[in-house]
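Shown next, in structure tokens, is the structure this report addresses.
A, B and C are the chain letters, set down in written order, and residue numbers restart from 1 in every chain.
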Amino acid sequence: MSAAVEVDVAHRLGEFELAVAFTVQSGIAVRFGPSGSGKSMTLALIAGLLRPDSGTIAIGGRVVVDRSRGIDVSTQQRRIGMVFQDGLLLPHRTVLDNVALAVRQLSKRRERRAVARDWLERVGAAELADRRPGSLSGGQRQRVALARGLAGEPALLLLDEPLSALDLGVRRELRALIRDVIAATGVPSLLVTHDAEEAQELGDVVIEYAYGTIAGTHSVEHPPPRPPEAEVEVEAETESETEAAPTPPAHEADA
Amino acid sequence: MTEDPVTPSQEGSGSRMGARAASAIGRSRTVRFALIAAALVAGPLLGILLITKIGPAILWLESPDSGPFWLSLRVALIATALAGTAGLGAGYLLAKKRFPGRDLLEAIGSVPIILPPTVLGYYLLQLLGDGNFAGRALTRLIGRPIVFTVTGCVVAASIAAFPFCMRAARAAIEGVDPRLEQAARAMGLPAWRVALQVTVPLARRGIAAGVTLGGMRALGEYGATLMVGGNIPGSTRTMSLAVADARSTSETHTLVLILVCMALAALAVISRLGRSRRTA
Amino acid sequence: MIPTALWVSIRAALCATAIVSVTGIALGCLLAKGRFRGRGIVEALCSLPVGLPPTVVGYYLLTQLGGPGPVRDVSIALLGHPLVFTFTGIVIAQTVESFPYCLRATRAAVAGVDPRLEQAARAIGLPEWRVLLQATLPLARRGIVAGVAMAFGRALGDYGATVAIAGGPGTGTMPIVLYNATFDGSADLARNLALIQVAVALSILVGVSRLGNAKEW
């Protein structure tokens, strides 16, 4: 089976330079690091919201970016799902419509809405179906955003600080939800956070970012053994790799 | 991270840096003012040049044919100064203060944009003419009649220019980062100094764009000027009136070209002011 | 007299607004989204009628539509008469005068849509035309509606350009009739026409300012 995502890119924005390379096989891989380290930029590059200056990206074995060969698949064609920090639901559509818009695998409106309803149920937001995004609480909004991200049967789910705008209590609750829903669907996921606890709890693999590069990587043993074992190979661009591999001995990447 | 990674920016970083350096030079204050001044002066002159070349142009400017041009220039300048000042005040009020009837004030202030100029002219005649008490009182107060004089033209042109100054000032002032004003207040500046030394300078581009457009509207005012000014040749016959009167004579042709060139120059200035606001 | 003038005004302004809405919204989106050479020039040219005295617009329309040239030849071939001094002529004049208002409002509204919402729509797989129809335009709708309303008001209120083209039967709009009434001593007619037009203009502007002040969410 091909890797969920393979990335080897360099990108520069103003003063900031990002150069990262990693491969994620399956499970939830967490990008963890301080703000300004390039985590979100990596997601934007994978999603096609930014085009890297150089390098390649492959999602599910399909090359979506290869600058040297002039390949640049549009965001729409990358078969990704995405959950943003503040949801970014369309304010003029109902919750159900928002999720139904993402169900790209079906063409009939009624079928799409049925699938959307099903996803809302799975994230515990079924009763919100007819509400407008503007009337939702932060936690409700992110539940819907999660449903929308998964509803399109993506090959890869990208979550950009999905819980950072929420209160602590809600954050715990949604953390569990994200873990369970993603485990149940088996969609390979990349999650970005600057919260260490969140990284430990959600990640099968934690990739640590320093300024513009990967500082290190480690996998996490979760108390109940989880079915899809994550495998990660990371080529870090820096020698600082060793200092940032604190917790459990894992299949450490060889650079 | 200071820069949002999700902003779509697909240019190479090298060219971005180059463009940034170039625009930094372009943004130096003297260069900018020189450009604006040059555009404003060069526009109309170029128009005259195109048809008459330099010698005849000077002759034209000294001949009675250019009467409407000089009159329009004078009327528009005074009107723009009046409308700009009033518009800045009204725009500031609309942007900063919450009071009942604010929507109505904005609507009334904007009305000359879509109100037929003849309606404006009708009411100005009613108000300023000597047919009623208010008109007679005003005439006595000022010491000379308003209707069918240059003063009447200025009044009409000011009203035409006002909404554009007001709306632009309002939008520009609303666009000022409130944290900068808060910082100034925290430093102990009194409210009026915050307004004059922080808010208005930060909003200056938008205000200038609005005043430029207002100036063009003042220059182009037709219906109300026709009714209140009286279209008296040599006295209250502005360029836009002259254009409407003597169609397809060579005199009209000259005036039309001047007006088109001035409009193009004004729009160029406005678009420059609007474009660099994003980077400033 | 009033009903006739009102009817001519509204009919002409509605025709002009219909044309302006389609072209103005399309071009507004293009100017806001498109990155092409000469974009600034297109924008300046489209805004020209705002900066130009209406009488200059009238002058050009008169010489183009009425003077010798291809436009006049085509209209005579198709309609049997030139377009000057006809209802179609005043619709054209009002279209030119009101076009920039719709265009500029659309451009600003579309450019003001949070690009992240559009990216989110792309990230869930919507093709570009659906991003435009289901995210961008609905999110910009207040500004667009305000622009269309301003264009309607501007068409209704135009005098300088319209009067240059007007003259034939069925071309007496309210501003024109008001001018004549003011100077031929029909005081009642003038007063009523002025009141109607003030009321119309104010209601349009109050509506527009409501649209502008309301928060999206």
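The rule is short, and it goes like this: a contact is a pair of C-beta atoms (placed from the backbone, for glycine too) under 8 Å apart; a residue touches a chain by one contact, two chains touch by 3 or more.
Just so it is clear, the structure is predicted and the values come from calculations on it, not from any experiment.
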Inset, instruction - Count the smallest number of chain-to-chain hops linking subunit A with subunit C, moving only between touching chains. - result: 1
Legend entry - Dominant interface by contact count, named by its two chains: B-C
Inset, instruction - Report, in whole Å, the distance between the mean C-alpha point of subunit A and the mean C-alpha point of subunit C. - result: 47
Legend entry - Rounded Å distance between subunit B and subunit C, as computed from the means of their C-alpha atoms: 21
Legend entry - For subunit A paired with subunit B, centre-to-centre distance based on mean C-alpha positions, whole Å: 51
Legend entry - Contacts with 2+ other chains: residues of subunit B: 6, 8
Legend entry - Residues of subunit A engaged with two or more neighbouring chains: 49
Legend entry - Multi-chain contact residues (two or more partners), subunit C: 116, 119
Legend entry - Of all residues in subunit A, those that touch subunit C in their complex: 47-49, 74-76, 79-82, 84, 88-93, 101-102, 104, 132-134, 148-149, 151-152, 158
Legend entry - Of subunit B, residues touching subunit C in the complex: 6-8, 103-104, 106-108, 110-111, 113-119, 121-123, 125, 213, 216-217, 219-223, 226-227, 239-241, 243-244, 247-248, 252, 256, 259-260, 263-264, 266-268, 270-271, 275
Inset, instruction - Write out the stretch or stretches of subunit C touching subunit A in their complex. - result: 114, 116-117, 119-128, 134-135, 138-139, 141, 216-217
Legend entry - Contact set on subunit C toward subunit B in their complex: 40, 43-44, 47-48, 50-56, 58-60, 62-63, 67, 115-116, 119, 150, 153-154, 156-160, 163-164, 174-176, 178-179, 182, 190, 193-194, 197-198, 201-202, 204-206, 208-210, 213
